[in-house]
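The data blocks that follow each hold one structure.
Both of the next two complexes hold subunit A, though its partner changes from subunit B to subunit C.
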Partner chain A sequence: MTVTDPSLSLVEAAVPVQGRSRMPAFLRRYLRNRVSVAALIVFLLILVFAFVGPMVWKYSFDVFTDDNSQPPSLDHPFGTDSSGYDTLAQVMRGTQRSVQIALFVALTATIIGAVVGALAGYYGKLVDAVIMRIVDLVLVFPSVAVAAVLAYMSMGTETSWITIAIVLSLLAWPIVARVVRSTALTLAGTEYVQAARGAGATDLSIIVRHLIPNSMGTITVAVTVLTATAILSETSLSYLGFGVQPPDTSLGLLIANAQAAIITRPWIFYFPGFFIILIALTSSFIGDGLRRALDPRQSAGAGS
Partner chain B sequence: MSADIVTAPDMREPSSGAGRHPLLQVRDLVVTFATPTNTVNAVRGISFDVARGEVVGIVGESGSGKSVTATAIMGLHGETARIKGSIRLDGDELVGASDKALGKVRGKRIAMIFQDPMTSLNPVMTVGNQVKEAVLIHRSMSGAEAQAESIRLLELVGIPNAAERAASYPHEFSGGMRQRVVIAIAMANDPDLIIADEPTTALDVTVQAQVLDALEVARKHTNAALILVTHDLGVVAGRADRVMVMYGGRAVETGDVDDLFYRSRMPYTRGLLASIPRLDNRLLPLIPIKGSPPSPASLDGSHCPFAARCEFVTELCTSSEPPLIDVPGAGHRAACHYASDYARVPERNPDLVEAPPRVPGTALAPSDGEPVLSVQHLTKNYSVRSKNKKRTVHAVADVSFDIAPGETLGLVGESGCGKSSVSRSVVRLQDMTGGRVTLNGDDLAAVSGRRLRVMRRRIQMVFQDPYSSLDPRMSVEDILAEPLRLSKYPQADRAARIAELLSAVGLSPTMVTRYPHEFSGGQRQRLGIARALATDPEVLVLDEPVSALDVSVQAGVINLLRNLIRDRQLGALFIAHDLSVVAHISDRIAVMYLGRIVEIGDSEDVFTNPVHPYTKALISAVPLPDPILERTRESIQLHGEVPSPLDPPSGCPFRTRCAIFEQSLTEEQRTRCRGEVPALIPHESRQAAACHFPDLYPVPQPAATRAD
Partner chain C sequence: MLRYATKRLLIAVPMLLMASFVMFLMVSFSGDPLSRIRSQDPPPPPEALESLEKQLGLDKPVLERYVIWLFGLFRGDFGQSIMNIDIGAELGNRVTVSFRLIFLAIIIAAVVAVIVGVVGALRQYGFVDNVVSTVVFVLLAVPVFWLGVLLKHWAVSFNETVGSTVFYTIGDGSRQNATGLALIGFLVLPTIVLTVNVFASWSRYVRASMVEVMNADYMKLARAKGLSRGQAVWKHGLRNALLPFVTIVALDFSALVGGAVVTESVFQWRGMGDFLLTGIRNLDVNVVMAWLLIFAAATILMNLIADLVYGLLDPRIRHS
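Then we have the complex of A and B:
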């Protein structure tokens, strides 16, 4: 340390400056977390498996093979079921459907929930009261029953997976709205939001620039939880017969079909079950990594 | 940890305790906190004694280790803390003692008073029962005896109608009253030692004086020694016998209070004394200490913790940590390599001062020019529900003032007086109930929507808390670009403008990519100021801009604000509860009480010749960091606390605490105070006070504490 020139002395020496744009810093923070990186890789592999796999695998999910009830072998790595369907092909297709539904639900429900929750928390008073009563109302619906009825009404159409996804989204957004509202309520009172208002920012600009970014931690956790619950809800619906309809398939439907065979042909139960757990786990770790990476305070090592 | 850290007692044993060991003997105390990534040395080897009946002040800024020391003595440090060294109470070792053994010491022999009286009492238990519980833990007596004892204790600390009020719950008490209850609990078992950790920091200044007096009563009554932990040099100046200044986990200077204040040998102590705003030196410039306090993690004993901020730093300071060494004068020790070589540490160089000294009378009077900001008859009511009835709180009642360009109006008052409501109404962060606010002639209250958003650029606010006023997810660049974007500042010029703003507040333009958490409190407040300046406002509203900052960095921010206001000819409304700070920055001062301005005038006039009895009491209650002045000056004690704005007194709002009303008035005159709200009556040409009988102020009584 040298004697500092007093005229410059008010400012401490600058710490090494980090990258200028936010994206590399964000990526760097994400990449520092090994578990999240591993989860992301596994998840990408699942996507390849689900979307590319069916194109290259010799069997199709809706074509009977000559082999019935075969345990896993080189020809049928996941075995076959009693009708002769190749389980690997079915799990690929099922994973594809389940992931589509889960991501759709996670994204739409989160967007609706985040916007509605931010509005309620930011404006408070009457807006809050009205929105939160609607939220309460939706939350008390017995979701599986409602979903069953709605899905039943649209059964048999070509795009039934998307119907199920919409139904599940409409039932799931209030969960996100509740957590985002409580975060927004706190944030709306902070001095930086006051400062933005004082600088002439519009409500929309404050919500987009301050409330939502600062709720990202809450929101990513919500996306993660929703992805996992959407997979499970889809599974329950399909299991009950109100979900994805044959000949199309999903992980839930595969498990439903396998229930009678759990003793005799366990492979047709275990493989879809394994993928459900894998998707839920990886999405949870990815969400955790995202939450940390989105927070600039996690950088620079020494947390203050 | 180097071996040269004090092994001998670094405080003189007072003569009264000669022949016996001191009440409390702390030796080589080291407290470390283990975090997942590293270990933090919060206290790095301190030794001191406390004699019976003695008052020792421990002074330091945040992170200095003063509170950790206090909690370590009580054995209340958390699970994550590791303690080494020795703490002996009357010869009994407390470090490493079992929880059971410590339980016998806590409350009985050592009592502790915490900072926040809102959280240190149990909200679902009556205060009487809480005192009674404390009495019964260590003493065997019947319930009725304990009850009587608790009421006696509550009376001692100055709770009126103690027998009746013992049945109240904490939420029915004000902050000052609660702190008295905490003091009553502390003295319940006749402790030998009372540790008070920032006991008055959360309280208003007039209440602070009362609570410190109650503490003094408790101490005298129990004959206990007192350790007073505080960041406020003014509080220790008048109350402590000896002082220990802590910095970076070490005691950097110890000695008798007079030695420390008048013959300090440690550059930090001297810097602190030169940098704190003082009511009595309000025309002298503040000399800031550069930088900010070190983080405890950065201290490894290899250099003087103050080296980075010291203007006399040498090679020696950065290569070894100085031990506490004796300086001439009994018991006075300082941790500076040059402490005994006084010539090496010259008086601080006045050339370093950023701001020229203030000259009274140069401020533009509002009558001299068009005011930039004019507030006329501002009122603000809130409706609240109380006891299931809808009621109206008159937070601001008929407040009027003008501010000229380049002028700072200080708005002072205690919590709940409505000063923040004024500031928020003026910048239209909330709507006013009535009145007009004009900005260079344009009515701010009448516009809305887009026109309001455009007009907002012309009046900007700096907030109190630098930790919540900056969006943690935005880089400095984004934070400063936001107001520029909103005011349609040309995109191409923004980077240059941001660099210019950063330089204007004393920050490096290279910092644009950093995030708020990478800055210290003082630097963050500078960022807040830069953001407020971005739109080139005509008026700055500063709401307690330095009250959340460490004392050693306050001065720099105050000087910066003064320069900016003068150079840019801004009108400034400076809101603060701290009179010393206001005195240093304001050209004029308005004193608020219960939603009304009770006195307004030129700063010098108000401080030298206050007219309103409340102003007199307020000025008198501010502790001065000067032991002799503190001991000799007469203090005016205000009784009671600010009445609830829900239920204000009729007529003059101040009459319930007014010395004139109490002592000088006839019943007929009092009727007038009860019935009629006094208007602001001009006293001198530029000073006005809202009092019916300002000339009847009673002759000050000889200084006497109320409870004696």
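Then we have the complex of A and C:
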């Protein structure tokens, strides 16, 4: 990808010339799909809500207000809970924690998975066999259960968000490794990789320069899919009481605390759930959009 | 086929051994099971701690402990529980309760996923497909526990309106001695909750592989030799599209088990989920290990069955 000169791209945007736009083709295809663009915008808005929101909102997630069990109002748009905490402030903080963990898991697991998968696919034979058995082994155990064991048994209630993020990453990379491996297997046999090898390129430079960049499509989609699954794993874990611990909060923990109040104070139950759905939904729509954009073969005949 | 089956079986057994070893190390290194007792106030006498360590075998090196634990398993002994639970006896009941839920969910999710996926693929980007795809995407994003609490809430109001308990929202029915058809009232809600995510993700797979199959040359050939679209789909399409799906079902088994733990917790079942969660809270290592072992074995068994089914359905493997 070349660095785009802003003035140049402006001129080109004004006078669209077929096939001469500086915007990468896949990005143009992505932006053509209205649903994908909407999902991207909503996801960015959620990020602003989670990371900028707490700085500007008048209430803090861990300070009591004088209003107990207030339904949503102008002063408390999401209402308050029975101890007087402002639900909007709590949802902002919970979203922040949950998104932080989900993005950390998605990025870390994708990087580990991409490297390991590329190694397995490139070297094949014994390396591949050993790596794939390790992958199978990690996938044998239900990740929510193992994460609960690792995060809670080692740290107890001292567990911090970063511990949970690391544990979930360690359990999520094999899925990426599998996908990247099969792409790398095909790529390793292609002529340009063999040409590079013939020209004296080292294994490392082939993996870094050719295999990983050419698997970028698979890898990008993996990040978005993992974001969606990671947010569901983290919130489940926190709901069960083995994830994010009070006084900190996450969307899962908020729902766990709200489940008994669904009749009397439904707002404290619905808002956190709504945000989990929104985050998971937008990330899988972004992933779907990327997949279509990167693989135009699949979207043939897509009118909408 | 026989050679293929033996080969698969020979992979499964060492896999289970490896899994049990990895899990033993993981649980052993994740914390000191006596930390809770050690930090008691007033502190317990050192002799009592020592004898407890000896009783639980914690004074021995990890490898030795693993071997002792492994040989105990062959005699049906899951090891000593800190809470003095008879692990083996406790498991029997709970395994039935949990696996009933898990297998029911797998069957329903698979059937619905195939129907929804195939319909979506045959109407690709049509009105029905767009609506179904949107619903499926939303269902994929709904957290299991949130849906569970919501359904419980709806069921309670429904029961109140009807004036009798149609849907049970608490317990697995063993306390009420429910058997046979009476169990349905207990099973409906948890099964729906557990099915939703899985069915949604499976229907995407079925749809994608069906779309691919529909564009394959042999489907064109089938049409060219005079089969109607329906006949071609039924005779050639489905079989080829569903083949990879068998593997997906097995692969997702452990994710489904994770979902079952959460679901059981929402509905306060005394199943395997509760067994694990209480075990973790009490740092009861042998309970946690028994749980992990059973589900690791079940996952490996599911993969083995999937491999065998795949072999049976795919003539290329059957005749090799």
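Definition applied: the second predicted complex is superposed on the first by the 244 of 304 C-alpha atoms of A that agree within 3 Å, B and C clash if a C-alpha of one lies under 4 Å from a C-alpha of the other, contacts with A are read in each partner's own complex, and residues count from 1 in each chain.
Operating definition for what follows: a residue touches a chain if its C-beta (ideal position, glycine included) is under 8 Å from a C-beta of that chain, and two chains touch if they have at least 3 such contacts.
Computed from a prediction, not measured in an experiment: that's the story for all the values here.
In the superposition on chain A, contact is made by A:202 with subunit B only, not with subunit C.
With both structures placed on the common chain, the touch criterion links A:160 to neither subunit B nor subunit C. Of the two partner chains, subunit C is the only one touched by A:277; subunit B is not. By the touch criterion stated above, A:60 is placed in contact with neither subunit B nor subunit C.
When the shared chain is aligned, subunit B comes close enough to touch A:214, but subunit C does not. By the touch criterion stated above, A:141 is placed in contact with subunit C alone, subunit B being left untouched. Legend: residue contacts after superposition of the two complexes on their common chain; A:69 is shown touching neither subunit B nor subunit C. By the touch criterion defined above, A:182 lies against neither subunit B nor subunit C after alignment on the C-alpha atoms of chain A.
Residues 301-302, 304 of subunit A are contacted both by subunit B in one complex and by subunit C in the other. The touching residues of subunit A, counted against subunit C in their complex, run 133, 136-137, 139-146, 148-150, 152-154, 156, 228, 232-233, 235-236, 239-242, 252, 255-256, 259, 262-263, 269, 273, 276-281, 284-285, 288, 298, 301-304. Across the interface of their complex, subunit B is touched by residues 1, 3-4, 6, 9-12, 14-15, 17-20, 22, 190-192, 194-202, 205, 209-210, 213-214, 216, 294-297, 299-302, 304 of subunit A.
Against subunit A, in their complex, subunit C makes its touches with residues 15, 18-19, 22-23, 26-27, 30-31, 35, 124-125, 130, 137-138, 140-146, 149-150, 153, 197, 211, 251, 254-255, 257-259, 261-262, 265, 276-277, 280-281, 283, 288, 291-292, 295-296, 299-300. Note for the complex: subunit B touches subunit A at residues 37, 288, 290-292, 295, 297, 303, 307-308, 311, 313, 318, 352, 427, 429, 453-454, 456-457, 460-461, 463-465, 468-475, 482-483, 486-487, 506-508, 510-511, 513-515, 517-518, 520, 523, 528, 531-532, 534-535, 556.
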